[in-house]
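Same chain, two partners: chain A is paired with chain B first, then with chain C.
Then we have the complex of A and B:
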């Protein structure tokens, strides 16, 4: 063996310990980061997932046993869950769409020079800095006819029969958190889209207007293609984020009236911290995780196929 | 095809005045080249004609119609940008056909126009590519193609060749010249490049500080520059200038020495003047003949030789094709032939013929 080794690499023979140290070097360097990731991310994730298969109720000292798919079976028959799922679609779709549309309009307005643009830009981005719980409280008060002006304005405009609280009307209650969410989330789209807009070379617009394009044609043949990647990624991110985002709902309506504003995320919150059934809450969370992962996969596939077409 | 009439055109950004009243009549089919130092307002003038900048004062007429208030898209003018400004999300063919598609031209007309242009510019192999996948020269051609497919009333070029290397620039220059001979389209062309200006222009417009200094054919500007600015700006290497007082027999320099010149015009005698002479017109002799000058530096360019001299302490450049200049001694004789002298008064205005 030593003969073979000598013949194979006569000048590079190293002791085996050294060779081993050499080959494990990259792993050793990355080990701290890997261990940290495993401890910080994977362990809690696995623990959380394991709750979904156990009976964990804070008020029941005898709970904690493994019950297999029992939670999921219960979930399959839980009407409140299906309603929450439907509400989640509605909540996420309306919020993302409105945030995007208004964010884009705002970005387009802020993209052209006008006097005092710097100040306006700073002001516009303010809602983003407001903590979500504060935003929720603020809007809850605005919708409250006793202290807030909004119901009286709606009444004056003829939108309401009497200045009542939008949040307690089962038909329209969902609009309350959606409006608050749109107000709160517009800056995110405005900031990212404005950054993308400002990266578009101005001379393209000049060339297009000399070529005979009006505003809409310039928008559709220059602005949109340039914004498309940013739009795709921000909409994807915000969709996942907002469907998980229960702060405003918990603060403003707590899921009521009559579960009309209960989304899956707030349902998880209710199950975990009101009913104190952590096992069931984890099972719902796992389903939500699965759905969001499927959604992300679909988007990534879509993106891939779009890129390949280019 | 159209004539463009610019009347007392002024442009100011806030209180900062860029153009101070430009008057220019461009005839139908003419090739006009705008030259001038950086920042003199060439691009501003071009962009005002295109409608990309508002007019502060004055009037622009295309074919006798005032277009000041018209949007660029309604002026029927094509522009080639220095940066090319190709639409990155469109293929070469789509880039070229964009203006026609906006006009809802018939599909066959569009296809024919694009294929004619791409053939003329040698773009056929690239029609389905994105601009990203083209070289600088090819992009430049696409920008040209985009301008010519729609047969506009006029072409505007803002330093279209300045991003190309010297060889490619030479080639594109010739192609632009051919194209103009072909299409006979009214063109306004901005450049820094002397040779582009001299070779392409029907008339050159020399600008300085937002004011037109001289308008004329290339040779007119070269042979009879109207003022010191044009004299110094046109030509490379630049004209030599000697400042002093006109006297019998020559020019009395500031340091009191006399430069022997042919007869200066009588009515200038005693006045402060500037005498200009182009480097290729200075005649070199063996030492002892003419005025004596010290040789500072010799630059062979391959084509000719540039000799830097000191004549009574003044720097003089000489351009000669005679290679024996390469081996001249530390001193040399020069004469400044009277028939090639340009005379400017104290205000820098050309005097005499």
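Then we have the complex of A and C:
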């Protein structure tokens, strides 16, 4: 019936106004969302890029002039920036790897039916619902020898010479936010991978069992190949996301002690929030954006090649 | 029979370890929040205090600005969730049902917003909102959070619309309804679970946001919960009982929405992470 209706259309040409209205319809639907995105994200993005070449300090009324590449020259000599870059790699690498490994194990554990699975699933996914600032504070308290049990346990196990605060020890401080991040992020990986696991046809496993394949053979020749696209995309997207994720560090250590936990994202925030030097903050942000864009190109290429394979 | 016992036991033990790891920090939060002040240090590493009290909760509710923070956060997160869900239903519908020339550009734009570091917008957004009087205002936060959450919510709503057959609104349109009427009266009611999931996701995201709230808000009047709690921690960092009681209170709305959207988590996060 709908075929007949559309076939009939060209014979009595729609009036000009009606055609206009029809072709603008999708834009009307997407307009509110697009306006929000353009006004609140795209315009500030462009503005932020221009700030990188200007001297913008909130407390200095005489600032605002164009200074060309001055910020980037300063950035090239800024040791704190290079340390932050190194810390970002360490923070992102360790967090993503641990979240992925533990998330995959959890997904595999939950993929097999057992009594009370629904409740268990709700409980182990709960950290994901904890607001990130609270997750940060919560772990900061756990690491605090005054109020938290962890330093005393570490001391009892002989891992620490005295029950001190991990977050104020320059050598290991980064582990604090990383552990908090792993705790908080495991559910995300587990949920995503569980969804992918449940899409694998069950009869494949049965057939493999009948042919005498053991658990490891089934895992490496059925599960992994099926999960590979999800793993690749989730890990890559998560890497970008975590390298920008400054909340836990701002809350737990503020970048300290002695900049040992300062990542690029938290460094940008510190420059803008504490020193109110918007120009310099934007210059660092632009460099970070450049690095992430190179990385994102990889994602898009990978995505494209995976889609083509289907 | 005997050979399958060992893997089963290992499986249950592993599950148990995950539950302990996931819940222990929250348990500790609860434990300190109900420990009376005089037992706080003497029973520091005990798993449960010998006496419990709710005085920290009473103090937080009566003698601090936390009720204001709580109210502000509810207003901001609630408004953001509503604004985003309306915008994302419309744009998600457009992406699901129409094929138009700039569709792929719109998708690319939304993907781009998911990629770049939001922290780089902190300074420009402050500069734009400040002359408009939208810093230190809840409206400013709602506008900013709405924009941040609209792309993900759009992809989420799109995946729910994709699951509803096109014939439904086509039939209604042949009967003379306009597309918008068909959308509102036939399609939207069918996507109620999707709408609930989107509301929940956005509410939780807005409830947790910290960096922009820190930058855009100063002073207690317009502070949201994260800002209030963090200022409280840096100013009065000795009153652990009260801080953790406040932390538990901050957890309640997020936990409530988590239970509400738990069923859609797998669907939603997959849509966001893999498709979007």
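The criterion applied here is as follows: the second predicted complex is superposed on the first by the 257 of 310 C-alpha atoms of A that agree within 3 Å, B and C clash if a C-alpha of one lies under 4 Å from a C-alpha of the other, contacts with A are read in each partner's own complex, and residues count from 1 in each chain.
Definition applied: a residue touches a chain if its C-beta (ideal position, glycine included) is under 8 Å from a C-beta of that chain, and two chains touch if they have at least 3 such contacts.
In this text, all values refer to a predicted model and were calculated from it rather than measured experimentally.
In the superposition on chain A, A:201 makes contact with chain B only, not with chain C.
In the superposed model, A:139 lies in contact with chain C only, and not with chain B. Note on chain A: of its two partners chain C and chain B, the one contacting more of its residues is C. Using the contact criterion defined above for the overlaid structures, shared-chain residue A:67 touches neither chain B nor chain C, since it reaches no partner. In the superposition on chain A, A:80 makes contact with neither chain B nor chain C. By the touch criterion defined above, A:225 lies against chain B but remains apart from chain C after alignment on the C-alpha atoms of chain A. In the superposition on chain A, A:265 makes contact with chain C only, while chain B stays out of contact range.
Across the complex, chain A is touched by residues 50-52, 71-73, 75, 77-79, 81, 83, 85-90, 98-99, 102-103, 146, 150 of chain B. If you check the complex, the residues on chain C that touch chain A are 11-12, 14-15, 18-19, 21-23, 25-26, 28-29, 32, 40-41, 44-45, 86-88, 90-91, 93-95, 98, 100, 102-103, 106, 109-110, 113-128, 143-144, 146-148, 150-151, 154, 167, 170, 174, 179, 204, 207-208, 210-211, 214-215, 225-226, 229-230, 233, 240, 243-244, 247, 250-251, 254-255, 257-259, 262, 265-267, 269-270, 273-274.
On chain A, the positions that touch chain B within their shared complex are 201, 203-204, 206-214, 217, 221-222, 225-226. If you check the complex, the residues on chain A that touch chain C are 1-2, 5, 23, 25-27, 29-34, 36-37, 39-45, 47-48, 51, 56, 58, 105-106, 109-110, 112, 114, 120-135, 137-139, 141-142, 146-149, 152-153, 183, 186-188, 191-192, 194-196, 198, 229-230, 233-234, 237-238, 240, 244, 246-247, 250-251, 265, 268-269, 272-273, 278, 281-282, 285-286, 288-289, 292-293, 296.
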